[in-house]
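Should a chain be cited, it is by its letter among A, B, C, D, E and F, assigned in written order, with residues numbered from 1 in that chain.
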């Protein structure tokens, strides 16, 4: 049995970490989709898909060094057409039996396509955490206690906080 | 040190297998890019990116069950603009130090961008093998001896030969 | 003489119905364009183009069973470039002599291209009605009295209200 | 019961006409998709979607003036991704129960998506006729006896033969 | 030495004029990029790239009739992917040695790509001026004293104020 | 009076040079469009738009150092939809009164849009020269006598011949 879980991971944080810790032991193989893979360098999406892949794989290693043998981490570009999105995902990743999500649109689209969907009870907290962590980065407050240790290291390596601060003057999403 | 290798893997065959067997032991981590990820259901590109990810990961397991811990298998959609292609790749995959390729365009584009490129001496044979294997599938001749055993199994599971035969009447590329 | 009228029809409602009832008898043939045809599954655009074609054609039948013999219902995908939009429309539909619209941008673009444009005096009401009806669907209030009977039936057949409610938690447009 | 039939109709000819004459009486409603709707002004696709809609609707009238009451003629832009094509079609047209086609790729894609597909025994002849008619137009030979009378009138109205001759010097497809 | 400066020029105003007056004498050749070239007919971007090229070249003539001999005015379409934007710019314009900008995102992207970037101290004022001038156009207040004389003439020639007023009822950006 | 002339300029050669020498003195201002601006690094289109802009502007200087004061050199990305191409061009360049071309498709599209088109009697030779010069570059034969002196210098500066030779093994267009 193979499961599918999708997030934007801007950045990967403890909310994602908890969910993945649980579901990775419910399935034989897990596909982790990196949503909005084409986005980067905005307040909403500061990190590239490649940087996010690095975060997810280091975080997996932190859980268990054997996990990556049975996890696929796959960037998924947006296609801007909801009616085609499930087909898009299915063409880009290996076949899967169950979808884990708490995002209402993801749940609806997979259900309309006849998939087995399990809700993860994390959605609001997850969305909240992503924005909150990015705000903390911009404002110079503590953000490291919200992400796995290995993820904090990746963000420092790529000078992620510096990038976020520099671009944010330009970013309406933050100003609102 | 991290290396980057790209192929279309239509299908993954013994030519790819030999190259990967060598380079995977030269680097600490290897990124395998699945080129033309958005293509499927043509003679030139019969298999979806998801199906090709399955082929590559099973073939890696055949070499060594520990490999997937340090290999990233990442679908890369075409962007149809050569001058942007290296930036596209770099945004979608973790940072890498060396490119392995024998494709003249790939070599040229990465060299213009200042990358360290190592030629793999496989290009002609590789290109040839892909087309040849697909022809053999269409014509009902032996193709299984050209791919790793685990890849043959994937192709049978997804009824790949049947698909290729059915679409080929429509495909000019084959008729030429 | 052939006329052109465009709307998003999310959903088709009595405001559209009144306008079409009038103009369909002013022209020999009428083209009804379904705007933003590629959109679906959002609060702003919950229904697919196919579902909206169904609404429009059933509503036409409600006016007069003979109408569809001289009406073209044509989905029009957005092209995101205003300067090309009139050419886009003209390439997708049969030639027409007069444009019916109350949308300022549509009027301006067709006028700049030299078309004969008649204003329909419905715009504000129309825009208002679409949003209002969708809000009523989400909030469980009466919405059926704002659309033709046959359109309400289509929406029930496709479980449209259920879809709208499920996706709306995710949709910022509604939250604002 | 609703049926779906797709063609490029460059131009609509007697091959299409025969097929449609048969299937239109097998179903309650028929959807006729205009494929490659975004293409025009090439040897392969000389006519715009709008012009082709005009051909199809006039040809329907020639069969029976009542037909257009239960036929949908819908332009379908290419999406250049076979794995998403069925979802694309389904989002753009009303729901349908049966697909009529003799195109191997169309058949395969709808079958993989679980649709009921009926072959129309026309494919080779149809493909052949389209090219042959365009060649005849270019070379000044008889082409009118290959299309319904009303279609010949449309092509003359839009000066289609003149267009085809003027662009053809530029068109590699014809030179081959 | 060649310099690069980018703006949206909606419209070209005295803020741009001051900056260009300075930098055009610091470099041998200057490239002026017209950003969001594909946009037009909205409150945010009322003028086409062609119209903006006209504004910029007339304004250059106003500074010095010899300038256009060593200035390139080049429309740049958005690509909606920040990680590819510098490569996109570099493929569309002649090679350059220094970037002049005060836009935080532009500065960051060029710095990450290793370019020499000089800040122009104009950004806030520039952004402000663009919106302010368009508002004044809509509201019938004085706008001409904010742009070079030759630019005001271009805007009158193309009936720009009339266009802006007509489309603005439809434009949410303005309503907010 | 403003004229419009378009070419791909792969590379700019004496055929283009002759035409431009003539028409630049027939008009007050000339727009030179760089077609297929997004293409580069193929046998068909080896040079980027930026490199081609450099070729054209240097060649203009070779004719007359004052020319660039009244010539616009503008890259034009393909839009892959013939029916929209004239609108696309018109949105990207200043308004023009006359089109100079010998390309049948360009002539037809501008004529259908009601433009005044003058044929330049160069087309076959021009097309031929582009391919011929690129072949000569690949094969190490003389190519410099087919281009203006300043253009040969640009090509050497950017190591264009070296690029062309390296990519050509990969390029089917050349192999045919």
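Everything that follows uses one rule, which is that a residue touches a chain if its C-beta (ideal position, glycine included) is under 8 Å from a C-beta of that chain, and two chains touch if they have at least 3 such contacts.
All values derive from a computational prediction rather than experimental measurement.
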item	value
Given subunit C and subunit D, the chains that contact each of them	A, F
Between E-F and A-D, the pair with more C-beta contacts	E-F
Whole-Å separation of chain centres (CA-atom averages), subunit B against subunit C	46
Chain centre separation (subunit B, subunit D; CA means) in Å	36
Per-residue overlap in subunit D, given as positions that touch at least 2 other chains	38, 40, 48, 81, 83, 90-91
Chain-level touch network, classified as line, ring, star, complete or other	other
Each pair of chains that touches, named by its two labels	A-B, A-C, A-D, A-E, B-D, B-E, B-F, C-D, C-E, C-F, D-F, E-F
Subunit A-facing residues of subunit B, complex	37-38, 40, 48-51, 53-54, 57, 65-66, 68-70, 72-75, 77, 90-95
Of subunit E, residues touching subunit B in the complex	79, 81, 83-84, 86-88, 90-91
Subunit B - residues contacting subunit D, complex	38-42, 48, 163, 166-171
Residues of subunit D that touch subunit B when the two form their complex	80-83, 103-105, 107-109, 112
